[in-house]
Amino acid sequence: MAGGDDSWRPLARPLLIPIWVVIGVFSLLPVLLMAVYSFLTKEFRGGVEWDFTLAAYDQFFVTRGLFGDEPAQIEWTYITIFWRSIWQALICTALCLLIGFPTAWFIATRPAQSRGIWLFLITIPYWVNLLIRTVSLKFLIRDNGPLNEGLMAIGLITEPLPLVNTNLAVQLGLFYSYLPFMVLPIYAAVERYNFALSEAAADLYASRWTTLREIVLPVVKPGMIAGCILVFVPALGAFLAPDLLGGAKTFMIGSLIDEQFKGSQGNWPFGAAASMILMTLVLIVLVFYARAASREGAA
Amino acid sequence: MTAAVHLQDVVKRYGSVTAIHGVSLTIADNEFFTLLGPSGCGKTTLLRMIAGFEAVTAGEIRLFGDDIARLDPNHRPVNTVFQHYALFPHMSVIDNVAFGLKMQGIDLAARRTRAGKMLEMVHLSHFADRMPAQLSGGQQQRVALARALAPAPKVLLLDEPLSALDLKLRQAMRVELKTLQQETGITFIFVTHDQEEALTMSDRIAVMSEGRVQQVGSARDIYETPDNRFVADFIGETNLLEVDVHSVTDGRASMTLPGGHPLTCPSASATPGRHALSIRPERVTIAATGELKATVDRVVYLGTDLQVLSRLADGSPFTIRLQNAARTTIPEAGATIGLHLEEGAARLLAD
Amino acid sequence: MKGVRHYPGFLSITVLCLTILYAPLIVIMVYSFNGSTSITQWGGLSLRWYGEVFTGPEASRFGQAAWNSITIALMASTAATIIATAAALAMVKGGRFRGRSASFALINLPLMVPEIVTAVASLIFFTTIGLTTGYGTILIAHITFCIPFAYLPLAARLEGIEATYEQAARDLYATRAQAFRLILLPLLAPGVASGWLLAFIISLDDFIITNFVKGAGMETLPTAIFGSVKQGIKPNIMAISTLMLAASVLFVTAAYLINRKGRQTP
């Protein structure tokens, strides 16, 4: 029946009070406060003074030389860090899609009894502590770790591959962290896919791969888009993988923000401003997603 | 005698949409009463208002004289058999059947006895400790019946209870339901969109459309003397023709059929002008002497019957049903045939 | 001739996918049983690092951190589940009402804001209102971000329960409270359980937000491990990791079994 249940209707709002209070006060309000902080003045011991200024955003986007007396120019340091993070997150998303789609398809086409087991195997790593997974990966790929030792033992390489502290390691870490986020929504989409569509395409002389391109991919696209969002957004603000597996050259947004709140070196308004910019980026992605999703829904 | 259920000008509005337009109905005690109509006609809404799941916007619902329109469902001595049974999946069959008794505060021993009797009545005694998911559709149907009958309601409401069963089972359950109703003496209000179901089981039927009751009567009444175009068209198969009535004398209306053929038929209240005329296909015979002429388009073989699809002189379609007997001559496509209307075959309709 | 479901190479990719996911975990599990003091050399099978976890010099630090993690996870997931259950009932059964879509957005807010941003915002908020960061602030933050995770399986389960069950109970003379307690709540139970388990694991798992709002001297298991790993991966860390891994697997298996049992009786 449309419109819910008569006996529950009057209770709807009272039942929502706790969630409004908790999320409103401890999630929404802090984000708004953070927006205010990004316009405050930095205090030296790590804190703020309540003087409104655009200094944090100015520091992010504009440079006036070492002593602040040169003409204003674009400050590339932070934009580069953001750009690097976006690029890393994009590559990570693409890799996850490339591996995730065939995996999701394979699992969804197993017989019903074994499908549960496959799915279970994919979900377990997702539930294992992300920190532990990242530490494990670092242990595996470090210079004299099992991976390099193994490769040297079978004679594929003579010198250990310097993996830790490289972009590649960070990339691997991100990929490893968020792969299950890609597989699960695509799996859900493939499970709902009507295989008679593929049979109809085959019947009308489409090859296997043509069918994949022309029929399957467009139909399961919503699942793929959802997976991409679920990977891209956390990868963009990731902290653990770049911090543990990367070095100075692989500095990403997460570490930049983290640094602003550590001890006397910190700069809270700048950290808040960087967070605001990160959140704006995520919001843009989500708006695009919502529009794409509603278009898919309308079609 | 007081009516079991009496509805007086019952209205249901959802915002600006009116689902039920002032329905009044009287259902007698011990009656098998059916609400029949296409989906969206308001029959289920009406039933749910009697059960108490939907609030009444305006009007009265009386149960043996008491107005119950504003009572909560748990304070109404009526029980419902739901369309998909709604058996509580986490309770055994016997606990399902005993649930209503438990809520009424009847002690354990008494309700076990009563629930056991109910299961016996629907021939499911040995399934008492099963879970609903372990039963077939037909068995679940019986449990739902036993559960609704266990508290001995004054009226039993059935919301398309047979729609989820396959044909054979549905036919068997029709007989069983009717027997059950006669044995228990409880008033049944049955909702369905299936006219065959309605015609075979009901003492009386209310045909509904667009939130209004179109006609109330026995199966025979609504089939043979439909009041209006909707009822004639919805119940069974019929030929609806636009006719011009010239005059009405002595309860007989004289009219012209499309194509110019004259006809008279009994009508108490018709006025001169354009009207719809209903002619049931099985009340027409093919006879060389018939003055009404038609051209055969096609003959459809239906097993027990033959359906002759033809056109009258002006081109309006006209269907004739013939029994598939040895003596029946089957007309050929393209042939011109004469039609003979039995007395009373044609009925003039109000719009 | 293979069916339309078959694509050559997909099996290999799946195996590759599982290898990538499992190789690091298996390696760390194996090395946690290494008898050698050096993490690079294999010194035979031994349980010495597990002994070290409980009796070694870092035992009390990790013990306290584990206690904090578990108590916070228990309280946060329970509180989040209660709040999420109330919200799910309102959202799924309450029909259309003003503020419904705003509520929906609010429930999902913690999922849409990047973790690091939530961490920053929480730290700023607690500092501004003058709340000393510590056990209490960790608990508040955990309750907040656990809510949407508890909400998802609950709402999904609730949507699958037809309104007719409650109506049937009301029809059979149950009061509103009885219909809720005897019919709806038992049917919703698997959703409540998996929501709670999900929230519990998410709370146990969190590093970034906890790291921001924990204050000086307060540690949970992830922050303690992180602090230790910064000085290099020691074997006792591998043992702790393996123990946490085993705990996670145990929990997920429990959730999986509860869910499967729940699905048999829809």
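Order of writing sets the labels: A, B and C. Residues in every chain begin at 1.
What we mean here is this: a residue touches a chain if its C-beta (ideal position, glycine included) is under 8 Å from a C-beta of that chain, and two chains touch if they have at least 3 such contacts.
Predicted model, so just to flag it, every value in this text is computed and none were measured.
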Discussion item. Taking each chain's centre as the mean of its C-alpha atoms, which one ends up farthest from the centre of chain B?
Written reply: A
Response to the item:
With centres defined as CA means, the chain nearest the overall centre is C
Fill in: Inter-chain centre distance, chain A versus chain B - centres from mean C-alpha coordinates, in Å
59
Fill in: Centroid distance [mean C-alpha coordinates] between chain C and chain A, Å
18
Worksheet item: So what's the Cα centroid distance for chain B and chain C, whole Å?
Response: 55
Worksheet entry | Shared-contact residues (touching 2 or more other chains) in chain C | 170, 176
Fill in: Shared interface positions of chain A, touching two or more other chains
3
Worksheet entry | Multi-chain contact residues (two or more partners), chain B | 53
Worksheet entry | Residue ranges of chain B in contact with chain C within the complex | 51-53, 72-75, 78-80, 82-84, 86, 88-90, 99-100, 103-104, 131, 133, 147-148, 151
Item to complete: Report the residues of chain A in contact with chain C in the complex, numbered from low to high.
Response: 1, 3-5, 7-9, 11-16, 18-20, 22-24, 26-31, 33-34, 37, 47, 99-100, 102-103, 105-107, 109, 116, 118, 120-125, 127-133, 135-140, 144-146, 149, 175-176, 179-180, 183, 195, 198-199, 201-202, 208, 211-212, 233-234, 236-237, 239-240, 244, 253-254, 257-258, 261, 268, 271-272, 275, 278-279, 282, 286
Item to complete: Spell out the part of chain C that touches chain B in their complex, as residue ranges.
Response: 162, 164-165, 167-176, 178, 183, 186-187, 264-266
Worksheet item: Of all residues in chain C, which touch chain A in the complex?
Response: 4-7, 9-11, 13-14, 16-18, 20-25, 27-28, 31, 39-40, 82-84, 86-87, 89-97, 99-100, 103, 106-107, 109-110, 112-118, 120-125, 127-128, 140-141, 143-145, 147, 163, 166, 170, 176, 201, 204-205, 207-208, 212, 222, 225-226, 229, 233, 237-238, 241, 244-245, 248-249, 251-252, 256, 260
